[in-house]
Every structure is written in structure tokens, then in C-alpha cells.
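Shared between the two complexes below is chain A, which pairs with chain B and chain C, respectively.
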Partner chain A sequence: MSYSLLAPEIILTILGLVIILIGLLTKDESKNMIGYLSAAGLIASLVYVLGNINGMGTFFYNALVIDPLSQIFKLIFLVVSLLVVIASISYFKDNRNQDEYYALILLSTVGMMVVASANDLVTLFVGFELASMSTYVLAGFEKRNPASLEAALKYFIIGSLSSALMLFGMSLVYGITGSTNIPAIIAYFKTNPLFATSSLDIIAMIFLIAGFGFKMALVPFHMWAPDTYEGSPTVVSSLLAAGSKKMGFVAAFRVLVLALVAIRMDVQMAFAILAVITMTYGNIVAISQRSIKRMLAYSSIAQAGYIALAFVVTTQMSIAGGVLLALGHALMKSGAFIAVAVVGYMVLSDNRNAKNTDDLDNFAGLGKRAPITAFSLFVFFLALAGIPPSAGFIGKFVLFYSITIEAVAQASNWLLFIVIIAILNSALSIYYYARVIRYMYVLPPVGEKIKEPAPYVIAILLAVIGTIGVGIYPEPFIRMAMNAASVVLGV
Partner chain B sequence: MFSDFAALIVLLPVIAFVLTLFLGKKLPHGGAYLPIAAIAGSFIISLGIFLQIYPEGIVQQSIPWFAGMNLGILIDPLAVVMLMMVSFVSMLIHIYAVGYMSHDPARPRYFAETSLFTAAMLSVVLSDNILQFFISWELVGLCSFLLIGFWYHKPSAAAAAKKAFLVTRVGDVLFLAGIVLLYVNMSDIITSRAFSLAPGNFILQFKSMFDAIPLIDKTQLTYITLLFFGGAVGKSGQFPLHGWLPDAMEGPTTVSALIHAATMVTAGVYLVARTFPMFVAAPDSLLVVAYVGGFTALFAATMGLVMNDIKRVLAYSTVSQLGYMMLALGTAGAVVGAKAVGISMFHLISHAFFKALLFLCAGSVIHAVGTNDIREMGGLFGKMKITATTMMIAALALAGIGIPFINIGTAGFFSKDAIIEGAFEYGEKTGDLIPYGFAVIAALLTSIYIFRLWFMAFTGTPRSERHSHESPGVMTGPLMILAVFALFFGFSQTGFYHYLETNFELMGVSIAAHEGEAVPPPIIVVLLPVIVGVLGFLISYAIYHKRMLDMSKLISSQNPLYKLLLNRYYEPKIGADLIGVKLTHNVVAQSGEFVDRKIIDGLVIDNIISNTLFQLGEVVRKLQTGVVQNYASVTLLGIGLLLVLLRIKFGGT
Partner chain C sequence: MAALISLMIAIPLIGAFIAFLTRTREQARSIALLTSGISLVISLILFSRFDSSISTIQFGESYPWIASLGVSLKFGLDGIGMPLVLLSNLVIPLTVLFAWGETKEANKFYGLILLELVGVLGVFTSLDFFVFYIFWEIVLIPMYFLISIWGGPRKDYSAIKFFIYTHVASLVMLLAIFSLYWNTYQITNTFNFDMFTLLKNYSLIESSIFKDAIFLALLFGFLVKMPAVPFHTWLPDAHVEAPTAGSVILAALLLKMGGYGLFRVILPILPYSGSPGKLISLMAIIGVLSILYGTFLALAQRDLKKMVAYSSISHMGYVTLGAAALVPLSVSGAMYQQFSHGLITAVLFMSCGVIQHSAGTRIIHDLGGIAKHMPKLAFLMLAGFLASLGLPGMSGFIAEFLILVNSYFTLPTFVILALFGIVFTAGYHLWAMQRAVFGTYNEKLGHIHDGADYEVLSMAIFILLIIFFGLNPNPVLNMMTTNAEQLLKFVVLRGVIT
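Let's turn to the complex of A and B:
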């Protein structure tokens, strides 16, 4: 058997371990090169994934699977990690613990990729834990900053709770079906629909939903997210919001959707309620935030609500829409967080002891002080609000459209109602994005123009190009997402 | 060969736009050389494609975009002559602008915006489908808005930019409605299997549209074409949406030359020409085109007579000449079918040369004298020989002066006279001589106002103490090149008509004339345009040079006709004050505000809508206590909630 399809994971794992070794052997001053090394490894993996975007295969006794679904999510994870690593070259410049930082980033990326490829509940759990453990540490990486420590601790406690719940759910599934292999579980459910309405099935599914919902930050499993995103180093927030969050979605696509379809459990309404509450909650709370990182955290909760709409109708198109929006969100949100990191850099270079660097006031006149950052942030905000031509628009469009089709097909008024709520939510979100845009372009600047560090600019511009590129030429991405969706539905 | 690089025609100026925007400040002359080089590249590719496909080739390239739409390039004779004209004139104006804008600190922004504008305009021209056409068309509108308001600190410029944006938007909405209506009709006939797209064709491609014409309901087709024409009326400043064009003169003169004379405003005419097979199939629309065009030609010319701002005279002249082009499409289209496109486009291109020249000469004068008011000029001939001579050439071209029978004359002599003759033939066939009447009277007025302008600016004694000098070579160079074209372009008439005549047949669309074959018009009709042109020159010469007539009696605020014209038929008053302020603002906006403030905000819910959201956010935010135990409880609560939800639904065992 050829393991070449697993080369991306192998490259990153080895690189992660090598970096720790390099860190032990090099002097603090020369550690700045590790960032470039990590970026090179991620680029190599990314090229590998892109080259095998249509690859298929199973490995290690069906524990891992490579298919269109795994490949598009690996693409998302690798792109986000790459952007984060590039930005970190500036963010963690001259930090003496850089080696550990980059090693953890790479290992958490491997964890996410394992989740994307998991074909077995145990693999899935291991992937989840690898990614979570790494990100717990990353969230608290600024160990002299109490906010960062608090963020890490909260993230860790709630994360452990969710892991426990998820594991419990998995053990129930194993108890019912006698297997941990996902296709085998699905096959079991298909042939034994008798269990469809038993309490045990429902409880198992609910625990899985809770476990995945924690990663996805769906209301009411979202409580950790705003605190953690706000307190973590901004580049880590970017990884959490744009990357690791998608882990929950890919796991849900792989396990939940199939299982729910198989046991013919009608959870449409439950997911619809979760999705609507999540998006509305996220958007409403985002309005009154003054911390932009918190605002982005709530906006990403709202985005998770939109993506969760894919579970409501589970047609090929709706899942493709969910995947597309996940891809778009990864680009927009990582870019937006990195842009906030630039503002943090700007504020700290004005005043070394500044607190709350992401306060709205610091964005006044950003258009004059850091024009590239401000313009990119402007693009990301419009894209997040779903304004064409952008990745955010394409994702929302496909998603909302698919639900409308389904609503018409089922002659279901409440589905149509959900689309209307989602669109109203999009409109509502423009309100808080526009407020920041007004600060950036209308209010007078509070300081001198700064020179935006090159790594930041590269990362942001890559995200801008991706965001607009997907919006202008969505065809190949839609095709990829449709392929992924056909895997999800097993057709 | 060259056609492989067709996409670069648009992409080069786009790249120049990006580079100039970001790097312009660090480059000499505000980065002007980037757009010049890029547009020169576009021109060379266009010229190469022309030589490659002449006499009857076309270039078609297309890639799928999304949802059955495509991005594509269609370069047929119609497009290629437009491409060459737009890139060539734009290049000359960019070169000229190096001198004209030399004192402006915001030069990089200027050159970036004009470069983007050129890209958008070129993209309009080579679009192979109506959607891409519309998107580029909107981009052109946006650039026009930015450039009119280039000196945005000037309130009048900001207001003019806003006005242009809003007025052309009226047309754009109509245009978009037309596209939607067309799309609905197309998908109807496709789903009913009456029509199927040829393989590799897309629904909104021009080719598919033309193929579907016989199958679309005639009434619907009339609506579609009228809506398209609505877009053209907005963009090309036709009555009643003409008001924005003269105000648009608030931008730099080079912008006026580029956008509001040579290129953008011709987009409306180009739209009608591009979709001409549809118009021919809807004769009622053609009639509307003819009448609106003819009336605009005359109407705008009357206002050109009394304006004192040199650029406004030229602006009204542009509106009037665009009217001629529309008139050509409307009248000649009914008589000679597809040949009308040739007649109209020929005038479009010759107009582009001489009108760009007129504007650049005006710019040269303004640059030297520092005022727009022709009453304060005078006697400039001695100081600005090149400008004065080239402007005279342009004026002769505009007035259509030439020698009949031996066919020697300026560009306008060939192009405009053909339109007037076409209007006459139309009148003969249908008995409707009104458009012809519009055209002849407008020709007389055109000649009067343009020579009035020239005599007042360049002859007589200086009427103010202004220091003036000839402009630098970088400005006079383009003037001379354009003057050569204004003088000699007309001789290509026969070849040009011949080249464009087969334009739609190359796409497999044949257009039959409605009224049968044309016969040569009587001698008097051939002579009349030149006679009125010369007559106009003599009148102006007598009044403004020799001062044989005392105009002060006529030009006074006592004369109601003069007042009417000077106030532009009270159009700004009617448009801005009556419709804009009284009707829209006072009635609609005020009542809206009343409802909003007094009823929604004031009486009924008192700011609840706006405040509730904010306060709701605050309340919900309090749920986020920051205490991690609470978070865990909420998570468990959520699980309980899910359990309840699903149990209620199924009531399992």
C-alpha cells in the first residue's frame, strides 16, 4: 500500500518534531528562521493536497480515509495554518519559545487533518485531542499575560468537558453497534432502523452533537469561544476561529449527517433551532462589543450558525454550501484576525504598555495609518456580511438557495422562514461591520502612519486574494464542494 | 496571433491601475508612464487584431463563469474599430494629462482612476455577453463618478459627481430591468424547447440573443429594447437624462475630454449599435430612438448657443452630437438596415477625434488663461497659435465643413452629412420629415455656437488682464495628432461603411431594411448641411468677430428667450428644485421622515427598534459571566434542551 496520499500529515508530523529538536540546539537569536521553515513545510503539504485533490484511498485498516471531503477540509486547515504561520513570523519575532510555538501549530494542524480523514471513531477522537491539546497550550502561550492564561484555562476546562461528553456519546454508539468503524456503524444503522426511536440512539446522538458543537461553537456550547478568542494571542485566535472550528464541521459531516440519515431520525427542527439561535445570538451580541476580537468571535459564532443550516436539509447542495461557507469563513476570518494583529502591533509600537489593543478606538483613521490593513479588513468585513463578489457571498448564496429549493420542494413554510431569518441576520451583521469601517475611514487618525511589517501584509493579502478569488471564479470550488457533499451523503 | 492576447487589452490597464495606485507616488510624473505604456499596449494589440481579422474575421473567446453565464471576448468589426478608437484617444489624452495635471498633488490617483476607466471601457467594448457588458458599464459609471468628483473638496464638483451618479443610475436601472426581462424571455423559449443554445454558447451572449430574436414575442422585444435604450439615454446624456453631462465638466478638462466626449458617453450609442439586430426587429423602439436622438440634437444645440463657460458649450455640443448618432441608428436603421451601424459608428469615431481635440484645446486655453469664461478671453490667437489653429480645425470638423461633389472635407463633413441624408431618406420613405428638420436646424446652430466660441476666445482684444502662454509640447503634441485625424479621417468613409456593413452577418444574423432600397437624395439635400454650416460660420463671423450686430439688445436678462436658454430651459430648476427638492425631498423624504421619526420612533415604539437591539445585545452579553462553572452549566443545560426537543418530537421509549 502506498502512503503517498498521507504525505502531508507525515511531512508536518516530522517537521513538528524536528523543530523541537532544532529549538534545543539553536541559539535564541537564530530561532526566527523556524517560522520560515514551518511555512515551507505547510506549503509543501498544501501543494501535495492540491495535487491529490481527487485522491481516494483508505489506510491503516480503514482507520483513515482520503476522499474529496477530507481533501477540501485539509485544504482549509492548511491554508489557515499557513496564513497564521506567516503572520506569526512578525507576531512572535524574537520570542525565545518560538520553536515550541511552531511545533504546536504544526501538530495541531496534523490533528485537524486527522479529523478530516478519520474513518473510525477512535481516530476521530485522537485527532480531536491532538488538535485540542496543542491549541490549549497555544491559547496560553503569552504566559505573562493573565488574559491569555485565563483564556487557555477556560478553553481547557470546557474543552475537557466536551471531550468527555463526546467520548461518552461514542461509547454509546459502540455499545449499540458493536463497532467503531464509521462505515460499519452507518451500515448497522441502515439495517437496524428499529433503534431509530430508542432513547439510547437519541442520547448517543445528542452527546455527539454536544461534543462537535463545542468545536463549532454553536449556541449553547459556545460560551468558551469569546473569552478564549479575546484572550489568546491574536494569531492563535485566528487559528482557533478559522481553522480548528472547522474540525467540528467536518466531523459532523462525516458522522452525524450519515448516521442521522441512516437511522432516519428527523432532527431537522432541532438543528434549525440551534442554527437560528446561534446566528441571531452571535449577531446581536456582536453589536454591542467594543473589543474587535470579541466582535469577531461573536461574528464567527454567527457564521457557524449559517454553516449549521447545512444540517437542516442535508441535500447535496446544502452541504456543498456549508463546505463553501466553511472555506470562505476560513479565509475571511483568519485574514480579519491577522489584520487585528497588525493593529495590535501598531498600538504597541505607539505605547509599549497599552492595554486592550483591539479596542474600537484604536481603529480610528486606520485607513490613513495602515492603508493595506484597513483596506483588507474592509474587504473581509464586506465578505463576512456576504456582499459579492466574495467567498462569503458564494457560500451563503449556495446555502440559502439550497434551503429555498428544499422549502419549495417540501412546500414548507417554516424552512422558508428560516431562510428569511438568515438573510435578515446577514443584514443585521452589516451594522456592526459598518461601524468599524466608519471608524477606519471617517474618523481622524490618532497617530502617525506606520510601516506594516511584510509578513503580516503577505498573509493578509493572500487572504484577500483568496476571498475575492473564490467570489469571482467559484466554479472549481463549487465542484469540489459538491464532490465532498456527495461523499457526505454516500451517493 | 494577436487575438491570443485579446484579454490583455483589458488586463494591461487594470495592472497599470493597481501599480499606479500603490506605487504612483514614488514614480516620476505620478506614475503617468505606467498607464500610458499599458494603454499603448492595448492599442497595439487592438491594431494587431484589426490587421489580423480584416476584412471579415472575428475573434471569439469564452470561458464558463457561473450559473450558465460566461466571461468572454467578442471582437467583430464593430468592436475592433471601437477598441482602436478608445485606446488611441485614451492614450493621447493620458500623454496630454502629463502636462495638464503637472501641478496637481493627487496625480497618482488621477492616473490610476483614468487607467481603470479605460480598462472598464475597453471591457464594455469587447464583452461577448450582456451581463459582462453591464458589469463593465457600471464600472465605467463608477470611474466617471470618481473622476468628476476628482477635486472633491470643491462643493460644486462633489455635487456634480453625485448628480451624474444618480441620473445615470436611473438609466442603469432601466438597462438592468431590460436584461432581466430578456433573461426571462430567453429562459422561457429555452424551457419550452422552442429554442436551444448552440453548443458552447451561453444564455446572455449576444450571439444567442440575436439567434433568439424571431422567437421572442414582439411586444416583449419592444419592451426589452426600450429598456436598453433607457440605459443608453442615461449614459449618453440624451433627453431627458442629459442634465448631468454639462455639470460633469467640474472634473479636470482631461477627464471631460476622455470620458464626457470621446469614450464613456459613447457607450450608450455603442449599446444600441451592439444590440442593433434587436432594435431592427422592434421598429417601434427604433422610432423612439430616432425621435429622442433628433430632439436631443436640436435641444442641446440651442443651449450651446448661450453658454459662457467654454467647457459647457462643448458639453452641450457633445450631447447634441450623441443625439445625431442616435438619430442615425433610428432613422437610417429603418431605411438601410445594418448599414446604419456603420453610419452611426463613423460619426461616433470622427466625433471622438474632433471632440477630444476641442476639449484638449479648451484645456490648453484654460491652462494658459486660468478661467473657463469665454467672456474673459479674447485675442489669444497671437499667443497660442497651435492651440488656436488646431481648435479651428476641430470646429470646422464639428460644423461639417467641406466641399461637396469633389468630396474633400473634414471628418465631420463626411460623417454628419451622411446622418442628415439618412434622416432625409427616412423622411422620404415614411413621409415623416420631422427628424430631418431637427437635424438640419441643429446643424445650423452647431456651426453658430462653435464659431462663436472660437471667435470670442481667439480674436478681438483681450478682455481681461490675464497672463497667457502656449502650452508645453507634451500638450500640443496630442493636439496636432488629433487635428490630423479630425482633418483626414473622413476619407476612410467608404471603406469604413463597407467594413461594418457585414458586421452582424459575420455572426450569422441578417438584417433586412424595412423600407426597401435607398435612392440617391436630391442635390439640395446633399448641399444643405454644408450650406447651413457655412451660414453658421458667417453669422458668427459677423456677430462675434466683426461685431456687425449689437448683441447687447438680445443678450439681456429682459429677453425671455435668452433667459430661457441661459437657464437651460430651467431644467436644473425643474430637475433639482422641483423634482429633487420639492417633490422627492419635501414630499417623499419628509413624509418618510415623519413616519420614521414621529410614528415609528416617536409615538409608537420610541426608538425601541434601534435601542432594543443594542440593549438586547447588552443583556445577552451579561449571560457571558466569565465564570467557567457557568459555562459548563450552560453546556449541560444545552444537552438537556436538545434532549427535550428530540424527545418531544418522538416520544421515544
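Let's turn to the complex of A and C:
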């Protein structure tokens, strides 16, 4: 057993602590290099994860596990953090608190990665809290902006509530099974299915679903998401929507799906309703938004609804589809938020005191004012709407396909209805994406052409390359997702 | 010379990107004409080498793509795809020529036209359902922009209606593709998206309700695109608001994708469906309904372009009717109708565009006697209208004649109903010409000028092509007949019709 598989976490933890030290020792003027340092650390970790994409192993008395599921989610978290850090080099340029910012980003990334690797409920909870605590601070990082403070406070209160619910669910599970080790819990449930134990099982599962549901922002546990994403600094919204939200999914894949299958609790219908309500609500409310950050927030609620379809049928294909869509969503959403950050930069460079920089009106004529940003946003929107060839299309394709075949195999009409609703939702979402695209390309520009700062451009273009790359050459990603799914199902 | 088809698709794609990057409109339009011209030359080479006597796929190409889903890039042509590839390659360069004077954001305009060419060529040549679906969707995006940037006053509404309406239809079709894919997986235990394999295995589905559901989902996807009544409501809006070049591409090429789907996908599985008799009647009813309803609405229109849009619906109704009749010559007539309507409708929409540009209005009532000041346009428009109403000697006549005469064997009642449409078709064409183009000149229009040389040239080439294929249909019709006979062999074998 070699601890080298944990090198990414170790690198990032040490780097995060070192950055705090550097921040104490350097002058404010030279703090801009910290961003590059963090990016370098993330790239090193990313390369390491990619190199060990098929790595396997358990560590610390079964508390952490490295398997295909953890690796693909670590890939997602690292890619998102990397994009966010690159964009932050512009966003937080000359900010004298940069050191804290980057240290928090790195630590929250470590937290997410621990969640992806957690093999024990306690580890899972510690990872969750590490990531959440860091992101609470990040959400309120613009401390002179009341919206940012409101975002942070709301996020903090609701996040704490969800942690409490989750912890209560975990304590019940521990009480029932006598173990916090996930494989042991599953084994217990397998030998003692639902009918053999008390209704405590159901209560425990409901609390876990609620706790994870808050993190995934599924309706009705979603109400923190729009306010938080709208008020936070845009790059942090990117991290929250694209990265930390996926924590909920990986935890659910690892614990919930297995546990529910093991105790043979029939929650197919419950998850189906949750998923359908989530996607429909997200899409319908997104239509009426004029703040693009808020629109993206609702669109990521809708996307969470699609991903949650993976829990409905829990076949290898559907979970692979969910993982693929999570990967695609990470790329598309982080890119889209960073593009909105560029628009904010553009508006502020016109007028230093502008409010509501992400208003739809500011997107008018973006195709002329910031061509790279506008084109990238166009790609992200079409990808989010599921137009081929893009990561969003591949994810939805595999996911919807898996449910269709399950519907046919079980001869179940209502599953087919679920797919049809999902498909109609996907068509509905075009409406609000196309509206922004129209603003960008059809309406006349309201200002001069700007020079898009290099770090933003690099971050956005990386996300575009990722989004289209996964769409054009999905083969390795599908294989990775399939491997991850086989871990989830324990086959 | 093995990779001619992928070359034919790749060149306009590269051309589109170059066109987007050009700075002046002269560069953009030259690139557009050049790359679509090269694509035309390649399609002519393919056409001249094409063997009309065999019904199998020719010039086949295959490259691996997504192995874990069984997707590969397969292209090839047969008698169903070849004429439409030729049509696309004829229409796009001529549209570029017609729109030679475009000034508004010319680089994007020509780039998007080239992307449309890429999309339709992909649809007509790909033999893998996954790739087919991707091209099918890609076609929507440039058209959305063509309508929403260069369109008329209600362009926002029309563009988004077009996009969402047809996207929903494609998604329903995708569900059916999922089912076919899954079915093949059940049988062979391998993932495979090959179109012919998927369609062949359709017959092995056990449940006849399931078979019919798949059939109807596919049919819905194609009928919306054609469009057939009652799924046609996106078309008049899109046409009225689209710029002329957009309307030409929409009517001449995008609608043909729906008809292509009927021949490529629907007819091979029809004999194996759960209740073929009912489905044939359904298609025939929709066909006749489209013919009649389109005709009557065209008769009632005040806007010349809207009239032409409804006439498209009516003409595409013949395609559905001919396909539903399942007689070799009616099916090849339907294929020929697609080819011919592509050429004719281009002239009609171009005429509307020239009139709008010159007179500032397309309302028939506000025009009148414009032949006096626009003699060239009046001549070409008259030729186009006569072709559209089915004058012998022009391509439309052959197609509609074949469809009506041969469909009578199997669907006599429907043919008799459709015949009523013919009278009114002649009626609305001539009536519109009489009111708008001939008669006394409406002095309120002021001084109007004739179409520009490039516009006239483009329309004249179309008229020559219409007459050429009207007098000499064999080069195209032979390959269609070969494939139609092969398609219908199974119909007879299954005893669907006697």
C-alpha cells in the first residue's frame, strides 16, 4: 500500500498552508503570484490524478478509498478549481487578501476530494465540512458587498442545517448497523433488508436524502442556491455550482444508492418525483430571470434534476450517464460563470459604480464587444441545452437512453413519461439560453469593444475545449464513467 | 479517391470557419462561393460515377469514433441520398450567388450558409443513427441565427418557435432511436448504431404496440420537419420572417430532410410495423390533408411569401402521399418531387425576395403590374410559378404525375381527393401572378427597379435546371426507381399491399 495515490490531496493541503504563510510574509504588491502558484499546484494534482486514473487502494484503516468513482470526481473537482483559480488571477487581481482566498479554494478542493474518496461516514462528514466551511467564507469574500454577505449568511445557515440533518441520518445509520464504515454498512443492510429491521431505516434514509439533497440543490432543498450563486463573487459561484455541488452527487452515489439497493427500499418513484420537480422548477423559473447569474443558478438546479435521474433506475448505464453529465456540467457551468465574470469586468470598466453587472441588458452586442467570451458562452449554452456535439449532449444521451431502455425492459409507462418530461424540459431550456444568445449576437452593442484579460480567456477556452472535446471524443470518458458506475453498483 | 464524401462535407466546414474570420464581405462571399462550388464539383463527380442500376450503398466510408457506444462515422450514398446531395450542392452556391449583395455582417451570413450545407450533406450521407442525429440537430443552429439576425420584424418569435418546435420533434425521434438501439443490443448483445442494422432488427421486436410506438415517434420527427399538417405551424412564421436566402435553404433543403427520413427510415420498417394498414392510411390522410389544407391557405394569403410557404406545405404533401402509396413509381415520384420542389421553391422565394427588396412590400394587394418595371423578374417568376403549378415540360409535372397516377392503384380515394387540390393550386398561382405582376401598374409603388444581375442569373440557372430535369428526368429518376423497387420488395413480400 503506497500513500502516493493520495499525493494530490497532500500537495494541495501543504500548498494551502504554505500560501497562508506566504501571505503573512510578503508585501501586498507581490501577492499576485499566489494565483499562479495555486494554479501550478492544481495542475500537478490534476496530472497526478490523470496518471492514476485507474488507481485502486484503501488507506487509513479503510477510511479512504481510491477507485474509478473517486478518480473521475477528483478530476471534476480539480478541473473546476483550476478553471476558477485561473479566472481568479484576473478577478482578484491586486486584492490584498488574495492569499486567504487561494488557500481557501485549495482547502475546499481538498475537502471535495476527501468526500469523493470517503469510505467511512465520518471521513465523508469531515470532507463535507472542510469544503463547506471554506466555501462559506469564499461566498462572503467581497465583504463590502451586501449581496455577497447575504449570500454567505444564507449559505452558511442552510448549509449548517443540512449538515445537521446529514449527521443525524448518519448517527441513525450507525445506531442501526453498529459501524461507520460504508462497506460494512452495506454488508449489514444486505443481510438485514428492510423488513427485518424497524422503520428506523426509512427515517435514516430520509435524513440522508435531505442532507445530500441540500448539497445537490434538489427541489425542495434548493432555496439557498439562487441567492448564494447570485450574491457570491462570480468566480466563487462557479466553484459552488460546478464543483462543490457535485460533492452531494458523489456522496449519494457512494452511500445512498448502495444503501437503498441493499435494503431493497423502493424509492424509485420518490427519486423520480424529486428529479422531475427539480428539473421542471429549475427550467421554468430560469425563464423569467433577468440576472444571468440567477438564471445559471436555476439552470444548474435543472441540471441537478437531470443528474438525479441516475438514482431512479440505478443501472450501470444510468449512473454512468449521471457521472458523465456531472462532468459535462462541471465544464459548462464553470465556463459559463467565468464568462459572466468577464461581462462583469467589462461593465465595471465602463462604469466603476455599476450595479447588477450580470443583468441581461449588459449582454447586448457581446458578440462585438467581447467576441471570445460571447462565442464561448454560446457554446456553453448550447451544450447545457444538450445540443450535439458537446459534453452536455453525451451526458444526456447516455442518461436518457438508460432510462428509456429501463422503461422498455420493465414495461413501465411512468418511466417513459419521466424521459418524455426530461426531454421536454431540455427543449424548454433552449428558450432562455437562446434569449441570451440573441442578446449577444442580434442586439447592437452598448459600448466599445474591450480587451478580454488573458487569464479569463485561458480559463474560458479551456472550458470550451473540454466541453467540445468530451463531445467529439467521448470514448475514454464513457469508459471511465462506466468503471465508476460499476464501483457504485459493487459489481 | 476513397474519401470523397467526407471531403465534400469537410470543405464547406473549413470554408465556414474561414468565412467567419474574414474581414470584408468580398472575401466572405468569395470563400462561400468557392467552397460550395468545390463541394458541387465533388458531388458532380460522385453523381457521374454513380451506378444507377444497383440499390446498395456506394462510395461507402467508415471511421471508428465512439467504440463503447458502437458509434462510427459511416457515410455512403444510394439512390435516395444521391439526388438530395446533388440538390443541396446546387442550391447553396446559387443561394450564395443570389445573396451576393448582402452587406449586414456578411462574414457571419455566408459562414452560416456554408454550415447549413455541412448539416444537410451530413444528414443525407450518414449511415450511422448517432451521426445522423447530430447532423440533424446541427442544421437548426445556423438557421436560428439566419432568422434571428437577418430576419423581419417578428424574427425573435419565429426563430425561437422554429428552434423549439423542431427540436422537440427531433427529441421524440431520438427516443425512437434509443428504442431501436436497445432492441439491437438485446438481440446481438453488442452496441451498434449502424442505421441499416437498427432498421433491420426492427422486425424482430415482439410487441406490436411497441413497434407502432417507435414507428409513430419516428414519423412524428420527420413529419414536423417536412412539415405536414397539423404540425406545420412553425413553417409560415419562419418563412415570413427569414431573409430570402434563409427561406430558400429552409424550403429547398431543410424540408427535404423530413422527406428523406420517410424514405430512409420509415418505408423500410413500415411493412414490419404492428398495424401497417392503419399506418399507411394515417400517412395518406396526412399527405392529402397537407395538400388540400396548404392549397386552401395559400389561396387565402395576402402576403406573397406566406402564400409560397403554404404552397410548400401542399407540395410536400405529395411526398407523403406518394410514399404512403407504396407503388415503386409513386415512391420514386415522391423522391423526385423532393428534388424538383427544391429547385422550384428556390425560384419562388427568390422572386418574393426581389419584389420585397425592390417594391418594399410583398402584400399582393399593394403590388400590381410590376412586370412593367421588372420584366426579367416577371419572366423568371412566371416560369417558376408555372413550374410550381405543374406545367408539363418542367420537373414538377413529372413528379406529381408519377405520384398521382401510381398512387391511384393503392389509394384511389385519397388520390381523387388530392386531385381537387390541383385545380386550386393552379388557381392561387395564376391569381397571385395576375394581381401582383400583371395588370395595370400601381403608381403608389413609385419607381421600382428590376432584380440585380446576380439575382437574375441565379434564378435563371434554377429555371434552366427545372426545364432540364423536366425534359430529361432519367439521370436522377433512374437511381430513385432502383431504390424504390428495392424498398418495396419487402412490402410485397410481407403482403402489406397486393
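Note that the second predicted complex is superposed on the first by the 485 of 491 C-alpha atoms of A that agree within 3 Å, B and C clash if a C-alpha of one lies under 4 Å from a C-alpha of the other, contacts with A are read in each partner's own complex, and residues count from 1 in each chain.
FYI, a contact is a pair of C-beta atoms (placed from the backbone, for glycine too) under 8 Å apart; a residue touches a chain by one contact, two chains touch by 3 or more.
As the structure is a computational prediction, the values presented were derived from the model and not from experiment.
Using the contact criterion defined above for the overlaid structures, shared-chain residue A:P220 touches chain B, although it does not reach chain C.
By the touch criterion stated above, A:I420 is placed in contact with chain C alone, chain B being left untouched.
In the superposition on chain A, A:E448 contacts neither chain B nor chain C.
By the document's definition of touching, of the two partners only chain B reaches A:V285; chain C does not.
After superposition on the shared chain, chain A has more residues touched by B, the comparison being chain B against chain C.
Of the two partner chains placed around the shared chain by superposition, chain C is the only one that A:I387 touches, whereas chain B remains out of contact. After overlaying the two complexes on the shared chain, residue contacts for A:R479 are found with chain C alone; chain B is out of touch.
Counting contacts as defined above, chain A residues 428, 431, 473-475, 478 meet chain B in one complex and chain C in the other.
Interface residues of chain A, counted against chain B in their complex, comprise 153-154, 157-158, 161-162, 165, 197-199, 202-203, 205-207, 209-210, 213-214, 219-221, 223-224, 226-227, 265-267, 269-270, 273-274, 281, 284-289, 428, 431, 473-475, 478.
Chain B meets chain A in the complex at residues 64-66, 613-614, 616-618, 620-621, 624, 626, 628, 630-632, 634-635, 637-639, 641-643, 645-647, 649-650, 652-653. The touching residues of chain A, when paired with chain C in their complex, are 382, 387-389, 393, 398, 400-401, 404-405, 408, 419-420, 423-424, 426-428, 430-431, 434-435, 438, 441-442, 473-475, 478-479, 482.
Across the interface of their complex, chain A is touched by residues 65-69, 133-134, 137-138, 140-141, 144-145, 148-149, 156, 159-160, 163-164, 167-168, 171-172, 174-175, 178-179, 181-182, 185, 210 of chain C.
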